[in-house]
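Next up, some structures in structure tokens.
One chain, chain A, appears in both complexes that follow, with chain B as partner in the first and chain C in the second.
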Partner chain A sequence: MSAARWRNAMKSGAQSSNVGRPNFSTQATTASSRDSYAVADSATVFSRVQRSVKPRHLLVASVALAFPFFSTPFFTFQVMSQSLILGLIALSLSFLAGYGGMVSLAQMTVAGIAGYGVAVFGTSSAAEISLGWPWWVAVPTAVSVAVICATLIGWLSVRTEGIYTIMITLAIGVAFYYLVLQNYSIFNGFQGLRELKPPTVFSVNWRQPTAFYFMSLFCAMAGYFLVRYIVRAPFGVALQGIRDNPRRMEALGFHVVAHRVAAYALAGLIAAVGGILLAWYNALMTPGSVGVSWLINMLVIAVLGGVKHPIGAFLGALIFVLLQTFAIDVIDRERFNLVIGGVFLAIVLFSPDGLLGLWAKLRSRFGPNQTITTTQRRMT
Partner chain B sequence: MSRYLNLTRTQWFVLLSVGVPVLAFSIWALLGNARLYLVTMLNGLTLASLYFIVASGFTLVFGLMRNVNLAHGSLYLLGGYVGYAVANYTGWWIIALAAGFLAAAIGGLLMQWLILRHMQGQELRQTMVTIGLSIVIADLLLWIFTGQVYQMEAPSLLQGPIRGIPVINAYSAYRLSLLGFGIAIGLFLWWLLNRTRVGMMIRAGVDDRGMLAASGVNVNLVFAATFALGAGLAGFGGVIGAVELSMVPGEDTRLLLASLIVVIVGGMGSVIGAAVGAAILGLAEAYGLAYVPTYSVVFTFMILILVLAFRPRGIMGKAA
Partner chain C sequence: MKLTTRVWTRTVLSAATAAALAGSVWAQGQPVKIGLLATLEGPFAAGGADGMRGAELAVKQRGGIVAGRKIEIIKASSDAKPDVAVNATRKLVEQDKVEIMVGPLSGGEGIAVKDYSKTQPQVTFINGASGAQATTLVNPSPNFFRFNTEGAQWMMGLGKAAMDKGYKRVMVIAEDYAFPYSQVQGFMAEYCKLGGKVPEKAWVPLGGKDYSSVIAKIPKDVDALLVVLGGADAVNFLTQYENAGGDKPMLGGSIMVSQDILNYKGKRRDSLVGTISAGPVADAFEGAEWKAFVADYQKNYPVSAGGFPSPSLFAYVYYQNMKAALDGLDAVKGDLSGGQAKYREALSKMVLKTPTGDVRLDANRQAIGTTFVTEVVKDAKGNLTTKVLRKVDNVEQTLGMKAEDFKIGSRDVPACPT
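== the complex of A and B ==
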């Protein structure tokens, strides 16, 4: 049964249990979340938005929107845009890891496939390779190719579990790295493809820092809310059930493999968008951008922020970029890996839930008794 | 004869679908250029020995502790660098070999004793710790030894080619000796695991850690010893590889990838599986490089996919 058909069956299964299974789509959700989306007419949607929006959300949103107007272009482009893009790719990893229980190191590879896709289908410095399609053909094609690859990677790696998944996806990622390094006919080998520019649409040059920032912000927000939405939807709840106890979910009649592969495909979509933005940000795609250090950096970013909440990826990315940009002024430029490796090690050793976990610990100690990171949907 | 060919239909299918193309290729290649074919086979087998030495340590640690040590490549590099420095200082390759083994073993022991011991059973966290360690170790090594390419000289005894082999004519003595090293280490591991008391403990630990501890064995000590041995094998491989390949930052990733593929293909935790996986990977890489140079990596990758598709736990793997 395909994942899409399965989702439909699950949705209809709630009302009519004619498919021979009880209406577990409501059972599988927690009692607290049932009330808020079982009945979803427009009035409750509005009140739900009103209830779930807190002052800190408005604060973050207004800072994010106003940021480029009182900051330097350097900060807007180099720090904030890069954090948003890296955060978006890391989000795909943290979605898989946090909600699906599958730590895939190949997310950067998927992003890289999308980036190379834009370079090959669109325009780049290597005219004999690039097909020169207009952006509105090249970008969707690149995203589709990346999503198909992500699905295949997912199909391959869901045959394994836990730590095996890390090994398989790492092997796939490194294999792709060697492929682009050695292949000159499509990927232009070590040189890579250069001069990748975002298109000029609606007479706005999206290469310009402020415009690029807003484009990244839009994509990042879209990814963030997509993940927030998915993890509350029946599919997401089933995915979390599979993370916690695959055998039980299998016994309940859920197709475990289909759910996992669908999660890979969804994460692939997020990573692909991030990958295209990253290609435009760097203006080039080289084997180095899908090298093993970047595969691992994505894990570092996701774990640094914390994988139990989608915002963790962006938090981790911001810290990562800030360290990358400013820590090298304090210490030797060459020693960035030592710093980031050390920080990562410290986080894994002392706070496995990342900075969000640290924050939750502090809150539970000093603040009112409430945690910010929950594996399930947060109570409103 | 029929007793030995008592295969199921799937086994027949796999045997035919793999065996026939390989046989066809072999005949075609042997008729075309027999020397190239045989040299490539030797290249593949010697590369396989190096992979086996490194990956057997990886699989040993994994089998006992369920710990994917992603810093294994860094230990390989550490062993190689230390071996190079010692060989430069003393001029003895054998001492360098021992020093590489010891350096990596001590490094592994420290990792296990200081960090991994405290998170027993948390597999994912352990793996992430080893990722962090691999970043740190790689950068420290880059700091100390810089990005320069080091190439160790083979010991005088093994320098130069061996002449007078039929068809092939001449082949590097050092590379041939690698084959010996691989077989020796394989036999040693077999002896250690199957014929000694320590090996008995390790095998018991693989099956049931709790029961082993309950029978009065100091499991932590067994773990530490196994980890040291596994890491030491990586360092040993590092010194051997420092002659055959070369020492540069990035080699750690290459050997880590090779180890990963070897144990995924061969089956995790099985030393015999590591030997089978190493032979497949080494031969595939050598033949790929000789006959289809641009896509040799894709070739390796295809093997990985095929094995995963038909045997998700690897060729020799058992269900966990």
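== the complex of A and C ==
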């Protein structure tokens, strides 16, 4: 895509998501009437919805909504809710990696900061540490703190590229792990903080499997659509430009560092919501929840699913959770980690783009002649 | 082609029928499903594997049948992290539908599983090897039972042994988390009461490598050091203390004076002779039942098959808890009806016969049992081994204090600096 078209894309503001496609809004603009513009705009929204919603989307949505009514509480809670939550945190990583070209291992750390946040600001087993604020104060505060930390992490690491970004975010993650391990006045050290429960709101106990599932589903879908929206908005388009050629974008007048830091902040918001849900899911926060193994697991989930589309993170998380839960039944010995490692290896070996790449390959072989649409391709 | 397929199908079918018939002859009644959770990953992987061996030994001793019901063990693994342990337990309870749950191994896991057990009143939870005090002292769960003694109970008797040796002032060096807190408390509760002083406590991070600052802090006027470090930490400390020219006698925590430390090669090794320690097991205990247990373990799990030369603490404690689960089933003739009420009552009132003596439960379903005080000695071949100094029976979780006076051990509790 030429520089001129990039610039156009940036200038056209909210309409930029329709770059390169004939659409109503450009016609509406030429009609020059303010009112008809608004009408046409709503028509655009409607037609866009109509165009982008396909039968398979409705199928996935109805399965997701009906799932808890046909399943056991175990599957609803441990398999599906956990997948959605881990998927949400991995989504923040795949957003940064797939659209920003920045692989940050510190996303689990941001999630952990938010999780520790609700434990410290809200209520937990350690009454002398927790401030006991009501949830509607504690949760937003925890999210804000996590987003601020994510911004700082981004600000530190955006000046690096490639493997150095991985190294610096890994270093930050490990530093936070040792901080919570050895600090007793705020984080309660090795033992961490326990008995974190979602609040009872609207006389619904959100800890119940079905209620918790819907809460996770809502947050996961919000995160998913937020990312889908952002990557087509001017900000997301500029971010992808920066991913592909930062020097040219800088020459075009974009503030590369600011865009990247903003991307970290946005990813931090998604990770923070996931982190709070994860704290409520486990009902505790311990240093183990933000240890190196989890930092790496997030990368595994994102890569397993594929970073080219936001749904990849959730697919990866589902496979990850299923393997973690049921691999021990496949081989009834002390060797079940071999199954987990073997499956990961096979997926990455046969499809460098993860499960999404596998899906695209299958479709190009058996289905009608088209490949999976990533935003990247749609833009070119 | 078709013929071979049919023959093949028939063979499989008849084999399956035969197996099913054999199964029904084996045991009248439904099999009883028991979940078994230990750490097969992470820092306690070796201990977790040995814990599983211990639990299996208890099943084997009954020939895999209890009260006419076949015992079906479903295993799960964690990595010593509480969240992983709860996930694994939830899978066993809600997906595999076990009726009795045995596990987990480490302290933090134990507290988390106890919290979870409150949401599953239809299942009886029996501890594996976890030894956190809070599990049964703070908000105990009505369906969580622990037939092993914990960290503080394991150190009972060491305080008196130290006074007998003439150690009037002791410095504590221990890792900074719940288990060492409880161990230090078990020691100090008795030691302080007898007039001993602990002027200095050094809490070091788990997995620390550098002890030079701690060694520099050791006051000249202490008579001995109480070292509650595990595995590699203990070896690192001993090496650095030796290099710094330290010569104070030592008292060891329950997991300090184990065979891997005693086999450690170095000049300091000889100075370990005379180190006194305490714990729930003693390799050299002369009791006939203990010797039979060790022989049984060695026969079933020879070193060539991955077993340890002598059963580890984890193997023994898992054995003890699994044996309690099975003895309880036997006492109620395998009857788990009525929300397992009869079974739980039988467990609460049971006097468990173990290789180291009788174990009873207190009101919080926590074991009251035996502790051994041991001393490191050099045998005829020049190998270091432990010898039993004293056997302390009926150690309670409150260490002989009144329940309302008892506070859970922490960095600052108890204290007797001057």
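The definition used in the following text is that the second predicted complex is superposed on the first by the 315 of 380 C-alpha atoms of A that agree within 3 Å, B and C clash if a C-alpha of one lies under 4 Å from a C-alpha of the other, contacts with A are read in each partner's own complex, and residues count from 1 in each chain.
Assume contacts are C-beta pairs under 8 Å (C-beta built on N, C-alpha and C of every residue); 3 or more make two chains touch, one makes a residue touch a chain.
If you're wondering where the values come from, they're calculated on a predicted model, not measured in any experiment.
Trainee: Does chain B (first) or chain C (second) touch A:Ile168, or do both, or does neither?
Mentor: Only chain B; A:Ile168 stays clear of chain C.
Trainee: Have a look at where A:Pro140 lands relative to chain B and chain C in the superposition and call it first, second, both or neither.
Mentor: In the superposed model, A:Pro140 contacts neither chain B nor chain C.
Trainee: Mind working out whether A:Arg194 is in touch with chain B, chain C, both or neither, as first, second, both or neither?
Mentor: Touch status of A:Arg194: second partner only.
Trainee: With the two complexes superposed on chain A, say which partner A:Asn183 touches: chain B (first), chain C (second), both, or neither.
Mentor: Once the two structures are laid over each other on A, A:Asn183 reaches chain B alone.
Trainee: Report for A:Gly132: first if it touches chain B alone, second if chain C alone, otherwise both or neither.
Mentor: It touches nothing on chain B or chain C.
Trainee: In the superposed model, does chain B or chain C contact more residues of chain A?
Mentor: Between chain B and chain C, the winner on chain A residue contacts is B.
Trainee: Where does A:Asn337 make contact in the superposed view: on chain B (first), on chain C (second), on both, or on neither?
Mentor: Both partners, chain B and chain C.
Trainee: Overlap of the chain B and chain C footprints on chain A, residue-wise?
Mentor: 182, 184, 334, 337
Trainee: Which part of chain C faces chain A closely enough to touch in the complex?
Mentor: 40-41, 49, 75-77, 80-84, 86-87, 90-91, 94-95, 108, 111-112, 115, 176-178, 205-206, 411
Trainee: Can you list the chain A residues touching chain C in their complex?
Mentor: 72-75, 77-78, 82, 181-182, 184, 189-192, 194-195, 282-284, 286, 288-289, 291, 324-325, 328, 332, 334, 336-337
Trainee: Please name which positions on chain A make contact with chain B in the complex.
Mentor: 103, 156, 159-160, 162-164, 166-168, 170-172, 174-175, 178-179, 182-185, 292-293, 296, 299-300, 303, 334-335, 337-338, 340-342, 344-345, 348-349, 352
Trainee: Residue numbers of chain B touching chain A in their complex, please.
Mentor: Residue list for chain B touching chain A: 66, 68, 70, 115, 123-125, 127-129, 131-133, 135-136, 138-140, 142-143, 253, 257, 260-261, 263-264, 268, 294-298, 300-301, 304-305, 308-309, 312.
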